[in-house]
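Each chain gets a letter, A, B, C and D, in the order it is written, and its residues are counted from 1.
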């Protein structure tokens, strides 16, 4: 499976994703510059974490209008997958590729810590290898990760099963204490209606080697790679 | 031409920063503050022929970048139609 | 009573936010922006008898908490002397 | 020369912080009166900050050489060889005064400055650590400073994208008006890609890159000189504001430009900005430099040559590139949306020539600004009040009525209590190298592509330096090395940040000289070279001087990343051992400060030979795979170290320990002394461990067992502490956070 990792000015998880995909998963991976618009050589494009454009207006706002992001529409239409983590999630929301928005953490502070994620939907290409209700351990690192959607958006998200991950306790309870940033309904990650775009605040690339505290992040990639091979789109392209 | 753009959280969206500032003011003895919300103001100096057109452009900037329609409202104000800014 | 407090970086102080937003607007084709600075606006609803006194209190709040005197200027505006706020 | 500038007089020179003798010397060096801009150059480069004029003679004692040292003091940062073609770049710097004036921006720009020091050497920053000192957190002003400093560090660090892997926060009333913000950064560089701040190659162009120049942080002397009546307000130098986003672009662009091979030398424009770079770079290379100020990108209008030369605007660099290859470099910077402007060239005559619109505004031999800077050996005097402090015997105080309460009080003391509130605001994993996160004795990072890892720590205990600056300095080194040993690492190098009061006071300078002597001795005996550092003098506000606070930053190497060890107990049944000597004292201890509200007494002795052996024995046991946890005994004594081992890990676990009595109970529990390490040993490894300790011939003994949910301490068969771990953990977790949450 061919991955492209986008670099915006201010991105910093680019190298980490590149390393995990190339060195841990042994998949072909290249960097994509934010001004590039030809994504035809990739199966999955990753929007990594960081502070694109310093997050100076709103997190992800300026990057959300860049050429590479504009090109994602066609890329998706052609059968591609997009994964946005942390700043990448913020960018996807800003670009309207995912509904809702990410606001400043309710505690008004940056948070770098380990979190547990409740797998809400295990039927997406990114989570197919997981069990519904499975609890994953993945770190977060952000100051603006409070997911917000209005009542209508939430209703649609729920109705279409687009909520993929919620923050939970180690035992899998979705509680206020387990919510590190005040996200509505503990939402940590959502996908688009088609299931081809996943956005999440946690960092799967930081949970990809046991020496670094866990490998649950790899499960997303395994699912995705498995999905692609299974549904044949790997061969189509 | 000089303009101001206000960008603020929509009513109904929790403003924890506003709440924190209000609480801090109360702590300092300012009990009279009943409500407080924190927003952004962008002060722009524009090369623009005339206010109506400038306003149109500014509103477009807001829709395209400056405000997030999911969470924010915006408001455009033309402050000064000609001179260079001379802010306090 | 409704009031607005503007808090902005003093002239001469670097405004990285403003610079980034200006450049982003240029990138979107808004070449007319010659200068852009980002500030804060606090919208307050106050329990106060009369504007002069309210203004005094607000300026005090600015000096004590709302603005950082080292880097920021502030400006107080009484928007509405009586009614409840009704923001856009 | 330009006539628009004020006439230089002795008074003006004095207003610039120069003495009459220094001013005479300038006239002598130039053979004439300096111009206004020239005066600015001298005042900046001959300042304490740039010239180290009061400290230089003392700093010469530092051992700075070792086979693995690739760059010692004298450059932007020090460098040591890691093997495998890699090198580690390290440096620590203070931003104390700016952080008091504006805590958020002051601390943020402190991080920015030290990051630039690392990447100017060609290295990618891989970790930061922050060592902070504040007044009593009961004080609202202090709480405001803590909040501002921590969020400033958090903002810059996180936005730039470097993991913070450690640091310290300690409190004492003496820091109330003068908090300390010391930040250390380390970077990784390929050995063949190291860059230096040298202006080599006559005729080579000088490029200005990065942010535009404003009137930020210009030497306060500008104001004092009272030359600008008109529009004085407008011209007032402003606080430096950080822009971590631009810094991140600058990092990527610099490393990419360096990789082209077109860069000859590079230096960041930090303190004293362009003045410093344009003098130091040619001085190191034995060349000269010409700059044309009208080409410098400016953020503000009407800036004078003086202001442009002395501006401390952040996120800027000066590059010397190969003539003819400017285009390649410019292209790289353009890719990253940064300006790269040719502002001058390297010359062969040893002069710095500064022009504005073609008109000469300054011409000074670069050596006059650098090598000819004054160096003083000012008088030192041992303060008389030391005798009084030493005369106090903590054992004259009655022992505590309740040892459990005393322990809880120490664990809840802000200096000892958990600093999670601080470091959870810092990213500590970006780069996916962090094997040991903040919260253990040392942070540990793997080095990708090798089996190796590095361990990092900062340490400094000002109370012991106050009571005995010589031993206090040595103790800081010993403690830092011990923290690395506990992490499984062999120390490689020291960077330091020496925070003191005014060196013009003999008592302060004595503290400084003694501390430097102690650091030097410990570094020599433990064989750890000093490769970089920073001196911060004049840390006093309104007559209140800070505690003498030398901070030691240390980097160590683990040949095998698998050796990394953390400080917390792992499994029930593991045996607990105490390695090290018995000698402890309550003099200057946390117990005395917390329960007795004073800093006095004498320190327990430091035996550097024993220290070295204890560390080596601990490391040997770790390398042999026998050790489940290792934790150094520091503030709060062995009782505190044991408690921390129970509760600082991901899960809480109890321990039952019989402490060897060393006299009174409070001394036994809370007495502090060097060279002591608490380790835990899985039962299977016990025999092997015993054998190994025998071999190393260090004092040690088994003192207890890990397990259960209670923390129990016995002395001479008597239970003196028996508390649920939950209880001690609560005290420790909330002790600091209660002030700031």
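Just so we're on the same page, a residue touches a chain if its C-beta (ideal position, glycine included) is under 8 Å from a C-beta of that chain, and two chains touch if they have at least 3 such contacts.
Computed from a prediction, not measured in an experiment: that's the story for all the values here.
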Comparing A-B with A-D, the one with more C-beta contacts is A-D
The distance between the C-alpha centres of chain A and chain B, rounded to whole Å, is 31
Note: chain D sits from chain A at a C-alpha centroid distance in Å of 36
Cα centroid separation, chain B vs chain D, in Å, comes to 41
Rounded to the nearest Å, the gap separating the Cα centres of chain B and chain C is 8
Residue ranges of chain D touching at least 2 other chains are 243, 245-246, 337
Multi-chain contacts in chain A, i.e. residues touching at least two other chains, fall at 53-54, 56-57, 61-62, 65
Touching two or more other chains in chain C are residues 11, 16, 20-21, 24, 28, 38
So the complete set of touching chain pairs is A-B, A-C, A-D, B-C, C-D
Listed in rising order, the residues of chain C that touch chain A in the complex are 16-17, 20-21, 24, 27-28, 38
Counting only contacts in the complex, chain A reaches chain D at residues 9-10, 12-13, 15-16, 19-20, 49-51, 53-56, 109-113, 139, 141, 143, 203, 205-206, 208-209, 211-212
In the complex, chain B touches chain A at residues 13-14, 16-17, 20, 64-66, 68, 70-71
So, in the complex, the side of chain A touching chain B is made of residues 57-58, 61-62, 65, 93-94, 99-101, 103-104, 106-108, 148-150, 153, 182
Seen from chain D, its contact residues with chain A in the complex are 151, 154-155, 158-161, 243-246, 248-249, 336-337, 423-432, 434-435, 446, 448, 561
